[in-house]
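Across the two complexes that follow, subunit A remains constant while its partner is subunit B and subsequently subunit C.
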Partner chain A sequence: MNAKLGWSALLVLGLAFPFMAGNDYHLTVMSTAYIYAIATVGLNLITGYTGQFNLAHSGFMAVGAYTVGILTVDYQMPFWLAFALSGVVAAGIGFFVGLVSLRLKTHFFSIFTMCVGYIMFLLIEKWDSLTHGTGGIVGIPAPESIFGLDFSEPRTQYYLVLLFLALSMWIMHRIVNSLLGRTFVAIRNGDDLAQALGINLMRNKLLAFMLSVFFAGLAGGLYAGYVRFLGPDLARVEHTFDMTMYMLVGGIGTMAGPLLGAIGMPWVTQQLQFLQDYRFVVFGPLLVALVIFLPHGIVGTWMARQKRKAAQQQATTQATPPVRLATNKGARRA
Partner chain B sequence: MLELTSVTKRFGGLVAVNNISASFERATINAIIGPNGAGKTTFFNLISGAMPLSDGRIVIDGCDVTGLRADQMARIGVARTFQATTLFDNATVLDNLIVGHRLRTKSNLLDVIFGTHRLRDEEAACRRKAREALDFVGLAHVEARLAGDISQEERKRVAFALALATDPALLLLDEPAGGVNPEETAGLADLIRKMKSSGLTICLIEHKMDMIMNLADKILVLNYGEKIAEGTPAEVRANPAVIEAYLGSEHAHA
Partner chain C sequence: MALFLQQVLNGLTLGGVYCLVALGLTLVYGILHVPNFAHGAFYMAGAYVAFFLIDRLGFNYWLAMAGAAVAVALISLLSERLVFHPLRNAPYLHHMIASIGILLFLEAGTQALWGADFHRMATPYAQILSLGDVTLPAQRLLIIVAAFVLVLLLQLFLNKTITGATIVAMAQNRDGAALVGIDANRVAMLTFAIAGVLAAMAAVLYAPINLVYSSMGHLVITKAFVIIVLGGMGSVPGAIVGGLIIGFAESFGAFYISTDYKDIIAFVLLVLILSLRPEGLFRKGAH
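Let's look at the complex of A and B:
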């Protein structure tokens, strides 16, 4: 039950953070990091667990954000109603994008989705009448207060975002550790074997894709209510690359890795700010070294070591009685 | 139980499998042999639904299953192993096997989100099935080991267990004894006999002639995508076409 303890500690840290933060700026950095963490955790489902590297992810985050922006500003819809739709709209568009793009495998899929992401960016930038184009959407209302909680205040906003991050993690935990999650991992291990085991590839890949972009849309919706200004740059592929970096640093295909990567990396880049334009000269090689020496990321490497230890302990406790081994051999001959 | 009528596969101008008809009886071991490039694996890909037929019909237990996808074939009860099994090396052997019974479960996303009884029951059933299969192949003692740590022969057995976890009636084994030593090969042959006596129909591709001649009830010989002989090991061994095409001159003199 080590894992439970770790997750509880993380939650307590998250709850206590506003009391430790020096100023509102720290709260802003952290809240934004949480929003991207939700999207990253979603990306991890399709890329880390299902093995299909989607590069249109930030496009879907923008879809969620613009759903809230357009509905609240142009159609005076209450924030919460628009927010409820953000993930659904992203998943709906994800259905059609997935249906076409998932026919491709490996890097062909990635290149295709990168193009889809760019098309989404272009649509947002050029479709003036719907998205306000390059001018962006200004004056998105803050989420209406519930139980007297004022969501235009940094601290309540922080807790709102934390709540959704915790919910996302909980649902993701459910998915990943269920038969459904095992189905996704089987697809990652290889299409042919997965299909030979009776797994409908298209249906399951599409489900993983839609779930994944649902989280992106939700993160986008939160982003809209938090930043309250939207520009087309949100859809740029660079944001997907950022999220991919968070996954790689933390550990792709693990629960905690993408989360810790998404929360930790913004702080690291903040710390390198003093190097200005040169920071990528430092940052780049660091990242390359990490991918070479810790291909499973920090959490992934640590977990693999734990698992190996556990397996060895099991093996030593079980391997001792030679009689048992002998009976097994006997059974084979029988 | 399995009946093939003029099964054909063309890749452009190349005919990889040409007009093969055969039938396999329930609870028998059937070997498919032939030189490299004879179309054996393509033949398996056709039976398992991994590739669509260009021509012909496949009937299982009186049901026409021509044109079904591999996952649909698996549901019907056709399981297969591959020359190399990709396991998730960072998970335990048991964890790797649990998904094998997934096709017999019905839990969907809603079950997962709400944590329903059905999901819990089905997960327990999958775990039970995985243990059962592992026990059957004689690997109960490695269930907690990491899949990346087990030997080549154990990997072969895990691949069998994965196929068995799907509750198959017909099992297609692609080089089940490839890359293991002679003693281990004998062990695997015993395991295949054990599968047969539990009622499974088995088709296997194998290059190890000693193993085949002792194991198979029926042998199908392919060469350049065509069936050149069919029969019991003794019949095939005596068939001049086979000797010329495949077994070589030293067998002809023997």
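Let's look at the complex of A and C:
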């Protein structure tokens, strides 16, 4: 009940934001943050819930974005049709990448996907005839208006992105709380144990991977329609690092954590404007400190505390010897 | 024939640099069982320190290389003490993210200190030697010779000295090494320092025919990962052979296939090989 209230409050805040924002620039920052939040939530599914750290995530986001860019600019396809394809194309490529990469475990998977990400980046940069190379794709049309809503205007664009973010969160919530989500968590907690429970590892990992990159592709498609200019840098592994940071600050493997991280951190960056490109002088050590001192992030730590409190209360009301709960593990599972 | 020989020499140059970087990476992996993503930033830091020493303080090339080696060994040591040591019992994901944190910090740090411009490092060996039809810049010859000497020295150190043997022992079996009284902390620090020295020297050797810039470590480190995955993570001979394979694949690929796509070759090779043999080329049993 409490959780529902929190999510509704977040949604109301999101809906009210354009009326509180001082100018269009704030709207732009927030909309971009929402787009990255969608991708981050996707990354969280494969990394936070399934335990496979995919370093090609920004590559898949670029695949989604370039799907929209190429189809609308070079093939005059309507935006919405191209956008519908963006997630599908990313998931389709994800199927083949996953088929090969998911045979590898732990950091071998990460190294492999890092190389896949590099291949994607280099292909986008060098394959001039398809991707326009380093010059990038310019003049991507804004989404065509529906019901008289003009999507070239910042406020309607903001609501469009918010709508997709809310949808993504809802779908992710359904996935995580289903049997499928529990299967993913079982795989994260131990391959062997999961297999002993009769879980088909490959099929479920592949499904998690495809779902995860579907979100990345969709975020890329939105990005293409929002920024309307694409360059190969979108595929750089640094963007995956950014998303990893968002995920970690908020709390890896939680629903709210990656969302809050992805929305909050760009605003922190705004405050550090004077650092410009050097923001990682601060964020790099922050990432290290988080991993050492607060590995469950803000949301994860908060949830662990709530659990501990609840357990204590239960112990005192029942007046039985207190049951030792593994709070840390509990937080990761939550 | 001359063109072919030219490619062989190019391959040896590239292979030598890759070997040195991959060796450090594989040694650290052997001890920690963690891929150190920051290793590429160590490489980059080595080039910047040497560039700074030569350009601003007027050091000569070899002194600058020594200075860079010391500086990067210190950075590497510090990251072991401050970051990897506290995380030694954490899940693998935490190590990886922490090493990414170090990488981002070092890159942004060098950019903040020295700007985002590309720099050219001067070399005292700018002559061009020619053997018949084959031309060879002296710096490339230097890379080949230096890499060969360094690899040989490292092999002697690991196989002939007690201190070196402790590193090998730790890589083979951590608990066993502790049982026979090897100080795990000392070995870990030593390994990180050696890895730092190798990365810095590779960078200073390669920088004069390349450029010095803050993201210069990216491709090199990614290729070094390809090499140690192919050669078997933690394996020293694997890193040497793997480095040469990738070096040759690149120089021949650039010449016979396409210069544009030469950087992809290593990654495509990895994808192909791991698709057919998930356990890598020289390794028995799955990862």
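In this text, the second predicted complex is superposed on the first by the 299 of 334 C-alpha atoms of A that agree within 3 Å, B and C clash if a C-alpha of one lies under 4 Å from a C-alpha of the other, contacts with A are read in each partner's own complex, and residues count from 1 in each chain.
Simple rule for what comes next: a residue touches a chain if its C-beta (ideal position, glycine included) is under 8 Å from a C-beta of that chain, and two chains touch if they have at least 3 such contacts.
Owing to the predicted nature of the structure, the values given are computational and were not obtained by experimental measurement.
In the superposition on chain A, contact is made by A:Leu197 with subunit B only, not with subunit C.
Applying the stated contact rule after C-alpha superposition, one finds that A:Leu287 touches subunit C and leaves subunit B untouched. After overlaying the two complexes on the shared chain, residue contacts for A:Thr106 are found with subunit C alone; subunit B is out of touch. Of the two partner chains, subunit C is the only one touched by A:Thr47; subunit B is not. In the superposed model, A:Phe229 makes contact with neither subunit B nor subunit C.
Considering their complex, residues 47, 51, 53, 100, 103-108, 110-112, 114-116, 118-119, 122-123, 126, 237-238, 241, 244, 248, 252, 277-281, 283-288, 291-292, 295 of subunit A touch subunit C. Every residue of subunit C that touches subunit A in the complex is listed here, in rising order: 34-35, 82-83, 86-87, 90, 92-94, 96-98, 100-109, 111-112, 116, 218-219, 222, 225-226, 229, 233, 260-261, 263-264, 267-268, 270-271, 274-275, 278, 286-287. Put simply, subunit A touches subunit B in their complex at residues 171, 174-175, 178-180, 182-183, 185-186, 188-190, 192-193, 195-201, 207, 211, 296, 303-304, 307-308, 310-311, 314-315, 318-319, 324-325, 328-329, 331-334.
Of all the residues in subunit B, the ones that touch subunit A in their complex are 48, 50, 69-71, 74-75, 79-80, 82, 85-88, 90-92, 95, 98-100, 102-103, 105, 107-109, 111-113, 115, 119, 122-123, 126, 138, 140-141, 144-146, 149, 162-163, 166, 187, 190-191, 194.
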